[in-house]
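Same chain, two partners: subunit A is paired with subunit B first, then with subunit C.
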Partner chain A sequence: MNRSSMLSFLSSVLVIVAGLAIGFIILLISNANQAIPAFTTILTFGITSMRNLGDVLLFATPIILTGLSVAFAFKTGLFNIGASGQFTIGAFVAVFISLEFTFLPPPIRIISAILAAATAGALWGAIPGLLKAYRNVHEVISCIMTNYIAMLFVNYMIITFIFDPGNATSRRLPADSNLPTMGLDYIFRDALRPSFVNVGIILAILTAVLIYIILEKTTFGYELKACGFNKDAAKYAGINENRNIITSMMICGALAGIGGALNFMNGTGLAMGIVDVLASEGFMGISVAFLGLNHPIGVIFSGILVAYLYIGGARMQVFGFSIEIIEIVISIIIYFCAFVFLVKTFVGKGLVKITKKTTQKEEIVE
Partner chain B sequence: MYTIEMRNVTKIFPGIIANDNITLQLERGEIHALLGENGAGKSTLMSVLFGLYKPETGEIYKNGELVTITGPNDANTLGIGMVHQHFKLVHNFTVLENIVLGVESTKNGILQMQDARARVKALSEKYAFDIDIDAEIRHISVGMQQRVEILKMLYRNNEILIFDEPTAVLTPQEIEALMNTMRNMAAEGKSILFITHKLDEIKQVADRCSVLRKGKMIGTVKVSETSKEELSEMMVGRKVALSLDKNEAKKGAAILQVKNLQKSSGDGKPLKNISFDVFAGEILCIAGIEGNGQTDLVYALTGLSEVDSGQILMEGTELSKMKIRKRTEMGISHIPEDRHRHGLVLDYSLAYNTILQTYYTKEFQHRSFLRKDAIMAYARRLIDRFDIRSGQGEETPARSMSGGNQQKTILAREIDRNPKLLIAVQPTRGLDVGAIEYIHKQLLEQRDAGRAVLLVSLELEEVMNVSDRILVMYEGEIVADVDPKKVTFNELGLYMSGAKKDKVVA
Partner chain C sequence: MLSFVMQHTMFFMIPLLIVALGGLFSERSGIVNIALEGKMIMGAFTGVLVILTFQETLPGQPILIIALITSMLVGVAISFFHAYASINLQANQIISGIAINMFAPAFAVYTARLLLGTHNMHFSNQFRIESVPHLGDIPIIGEMFFQNTYITTYLGFVILAIVYIVLYKTKFGLRLRACGEHPHAADSVGVSVTKMRYSGVLISGGLAGIGGLIWVIPISTVFSGSVAGFGFLALAVLIFGAWRPVRVMFAAFFFGLMQAISHSYSGIEFLRALELPAHFYRMTPFIATLIVLAFTSKNTVAPKAIGQPYDKGGR
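Take a look at the complex of A and B:
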């Protein structure tokens, strides 16, 4: 390594250390006595046992998919803040099929639940796509609205069709609706019990690879990225931008929808609640995509990293830290890491983009 | 002692030595031209001086003292200012805001615009810039935008002014005005570094000229003692034909027929009842001062925008409602006016840019998968044929190519499709004399192969040399249909300024 790459490596490490340090300081302020064990927990809990590691992968599954959803949109020049709603719709459809279509043999039911979730997510994602293509409504606005509509609509559907009054949630999924573990439960376990990790993580990784192939190897990907990089040039080239916006949003929706399905079919006995906050997996998808530099393969790793922090973070509760403090610490660490990756890639390509997009100041480097 | 001396500067990019041990000396009060082929390293050298690139080796001296310039701020402190090849203005800010951006004076955290306004006004009057300082950048012409860039430098009291191809985007009138401004500034003792591909401009204003070739300094000469031919030979390394010899056009059937085209409003002037034909085997030129409807006309022909009424017939087929893709497939090629906006996807590689309209054809795709090998081979073929120079060949990101080579890439792509109609809007903008010679030959070759060429150009020289027939546009109307052999420069100028007008029937 020469001197300048050494320096840039050191500065990245420094930024990440700074992120960790600020996280630690927040813990200190919040509760000085417990700060050290809590901090050790967030950094190491995910690898203290194979079961915890399995839980990391389990938690990573849906956010890899929502991350892919956001990243894919980004490549097309769209900001899919609607992953949350698409996720919720997909989740509901999968849960509904799992509960109501018991006449189908389990393997077929599982596959149809996932496919139907993908379809429903795609249709939901198409709404902002259509609005943008034909009415020039900014996708961020319509995504925010469709997020809330999805949440309230699903609340209503749960209460109407699959309600469990005892728990005030949806009914729990029958055991034969869970995704197969494919032996993963033998690898990822500790002395007490196995992790719930299942084939979902493998599906998520395969999906990421598929998205990578679509973006990098196909004419469709070529078109989408051309639109994302330079709309005017794409138009000049005769590429149908409107069609691309709609298809792109549908694919994003399908990805988030599958995320929703996998999130509830994982054997943990999770039921869909009647909620008044948007599904956080959708927003985590934004951090995951950001941290993975919007690269599908990068998203696999960033999804796992974010899950790792969340699993460790959740554990910090045993030291008496409130969930809000924990969220702040995790977010700070994620954003400092993302900052390092971002700066590293963009400095290479010229500072143009960030300066132009984020600050509206003068461009510095051509 | 020199105002600025760059000594032994070497700057390396992946795959290319952009500046190879270059020494450049700038005297106080001189206009120093920098000449070189596309990709010779002119912009790079100036970016080093302005602190945008850190050179591998080399020193910069100001008034004999060693200085370090690590960024535009350092450059500014040392009195160095730069107008870039592609402007760097904030489009939704006003002229005044752009000028003071970065050096705002504040009092208790509140912007103090009054002093700034007075100073900018004074400067603008001194150089007779005639500019509305409260207009937003996006509403003013390119020529005006350049004045804003110049005012930015003057406002910062810069003494050393770098102009990177300032004239490439200007109309002849604006160029004249810029030349005057430069002379005035030099007379006040400011030193100017001036990049241009136009030898006439060098002859007009520059005192000395340094020539770069493939990253190396070939030499610095006194302009008054050097002929244009000598300059171009230094630059290219061989003799260049500065004028074009061409044979008679063999005019064939009408390829494109435009009938009563109307468009009420657009980016420029409304189009008023435009009718003309373009024939196979001819180069038809649309001349005119920028902003007289040429852009809208080209957009209408290529499908980038719609028209209100009228017909566009290509070999008898009605085009005016057709999608862009369809028109391309019908045999229209388009070298766009704005290469960064329409012509290129800067984040794609050179190779990916060469297939922008053909990526979906059998040649480049198999069952929806891009055929990378075929694409790369195709790009290499174009690189060879059109002599496109870049650091990493077909893999070079378009963004890191020199301006002229970006233009050549677009040209290569559009010409190689063997169109029936080639619409070329300022195809030689930003190209060096060697490349211009080459492009003009290509246009002639297309013509001689029986294709129709529609050339839109702002440069009278080019209009007169290349075309077989000239239409002049003024205020969205065609006001003349003339033969370049019979018309004089002067007459053309009268048409262009609206002083003279014929009744033109296609």
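Take a look at the complex of A and C:
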């Protein structure tokens, strides 16, 4: 590991520790007697059994994808606050195909559900892209609007086509529509039952690697990044800015759409509800992206970290604390990300001192 | 009917207007303000807490004023974090915004559970004004603007006037705008970019805090740690209004009217006759905004230096 990436790693760890420390203080203030067991639960529950670890990966799957969606947009100079809507549209299309296209054999149905979700997400993402490219509409505002439109539109579609009046949600997916576990259920289980973790997490990680390759190793990705870095220079170099904006938003939409598909095909029997709030996975994606420093590989780790804290936090509720403490901790960690540069220089100076001292000592010994 | 729609338009428009004007201060000084939602929640939460504390002992309007002042102060306080990260640390301005947006609802729910045992904060609405003396008796206009109203409605227009004057008629406003367009030029003539941007962000926090409380009061008697995305809508209104106060007012009015219509379409003869599913009426404000934007945004220019940390040595 070279010095700079070691510094990034060290400062990220420091930032997380600081966020957790403040969380612990809040727990102490709220109820000092229960604070220590509750805090221990947050820290360790995700690894107390293989099943819990599997649940962490299961929870991480959709937010890694929405995180990638936001991070990809950010790398190409766009702020995709519309991951929520793209996620919802993708989820609906995947659920619809899983429920209605039962004439297809299961493997083909699953693959086509994911691909259709990606396409639908991409088309949904294309709306802000087109508006920005040709009508100069700021992508933040059109993404906010398309989020609400997606939510209301999907509510309507669920009620009209795949409604289950008994539960006031969509119908539940048939068991053969669930993503295969590929043997993961034999690894991630405890004495009672296996976790629902499935091939989704592997798909999410592979997608992150693919995005990394596109951004860092291809001309196509280079052009997209060039637009984000300096659009005038990119234009001067003969890059078609409008086309890049649209392509970029479509890729973002596809990523979030896949996230929606994987979230509802995970075997937990999750149904789509008639909701009045935007899908939180989209907004969590923003946090995950920035925690992962908008780097595709970083997003894998930040997604798993956020999921780990949530799973621990859900368990911590048995000690009488509400789960919002986890959101407070994550928000503080995100805030401290702003300090990363400060921490880097600080830790960097410390490292220089230490290395100097050791070299001096070595000299004396010699 | 018309007056009913107009009264409801005001309920949606005024918070959007105030919060968007808050965002305007920060963004015209060069700092992106994605955190309006979080600042609204902090304001609404503390405002409602104040109302709960005093509602047994004091009459309605004084409580409202105390609550508004508290909301404003809390909005300013939370904005310090935003300002420090984006100005002093020169960090990405979106990061601290996201942190505040995530922190505020979690903090409100967590603290409410701790203090009251539930995150649903019920309060009694003693602030409604049945009819403003004299003005409420004017035919048509009186019914539209001076009946079933709140002092906050007029506060919104007072704030609009003040914002306009401050921004365009004072030295402070000129300097603030200069920092958002060309901070180096401002710096070269002795304007402190840091101070100006701090003022912008803190004022935005104060207005967003007030806006949060103003959003809650007319439409509900319970606050549950959420302002239903109105902070983001206010951001949309700000961009829709092209970062200019009067256009922001029209944008807020347009959106408020659309919201009011979509909530009360069943009372409007020709809309009910269309027999569209309810979801489509609720979609209208968002679709209409997109369409209007597509036709009006061609020449919109954002403040030039927005989102860029000020680096004295940069060019």
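As a convention for this text, the second predicted complex is superposed on the first by the 310 of 366 C-alpha atoms of A that agree within 3 Å, B and C clash if a C-alpha of one lies under 4 Å from a C-alpha of the other, contacts with A are read in each partner's own complex, and residues count from 1 in each chain.
Convention: a residue touches a chain if its C-beta (ideal position, glycine included) is under 8 Å from a C-beta of that chain, and two chains touch if they have at least 3 such contacts.
Given the structure is predicted, the values throughout are model-derived calculations rather than measurements.
Engineer: Looking at A:Asn230 after the superposition, I want to know if it touches subunit B, subunit C, both of them or none. Which is it: first, second, both, neither?
Structural biologist: So A:Asn230 only meets subunit B here.
Engineer: Is A:Leu28 touching anything from subunit B or subunit C once the two structures are fitted on A? First, second, both or neither.
Structural biologist: A:Leu28 sits against neither subunit B nor subunit C.
Engineer: Given the touch rule stated above, what does A:Ala18 touch, subunit B (first), subunit C (second), both, or neither?
Structural biologist: In the superposition, A:Ala18 touches no partner, neither subunit B nor subunit C.
Engineer: Touching A:Glu324, do we find subunit B (first), subunit C (second), both, or neither?
Structural biologist: Only subunit C; A:Glu324 stays clear of subunit B.
Engineer: If you count the residues of subunit A that each partner touches, which comes out higher, subunit B or subunit C?
Structural biologist: C
Engineer: Identify the partner contact of A:Thr218: answer first if only subunit B is touched, second if only subunit C is, both if each is, neither if none is.
Structural biologist: first
Engineer: Could you look at A:Gly238 and tell me whether it touches subunit B, subunit C, both or neither (first, second, both, neither)?
Structural biologist: first
Engineer: Which of the residues in subunit A end up touching subunit C in this complex?
Structural biologist: Going by the criterion above, the answer is residues 26, 30, 79, 81, 127, 131, 135-138, 140-142, 144-146, 148-149, 152-153, 155-156, 159-160, 276-278, 283, 286-287, 290, 322, 324-328, 330-332, 334-335, 337-339, 341-342.
Engineer: So in the complex, the part of subunit A that touches subunit B is made up of which residues?
Structural biologist: Against subunit B, the touching part of subunit A is residues 217-220, 222-223, 225-226, 229-230, 232-240, 349-350, 360-366.
Engineer: Which of the residues in subunit B come into contact with subunit A in the complex?
Structural biologist: By the definition above, subunit B touches subunit A via 43, 47, 52, 71-72, 84-86, 88-90, 92, 101-102, 302, 304, 323-328, 334, 336, 341-348, 352, 356-357, 359-360, 365, 368-370, 372, 397, 399.
Engineer: Mind pulling up the subunit C residues that touch subunit A in the complex?
Structural biologist: Contacts found on subunit C: 34, 81, 85-86, 89-92, 94-96, 98-103, 105-107, 109-110, 113-114, 119, 226, 228-229, 232-233, 235-236, 239-240, 277, 279-280, 282-283, 286-287, 289-290, 293-295, 297-300, 302.
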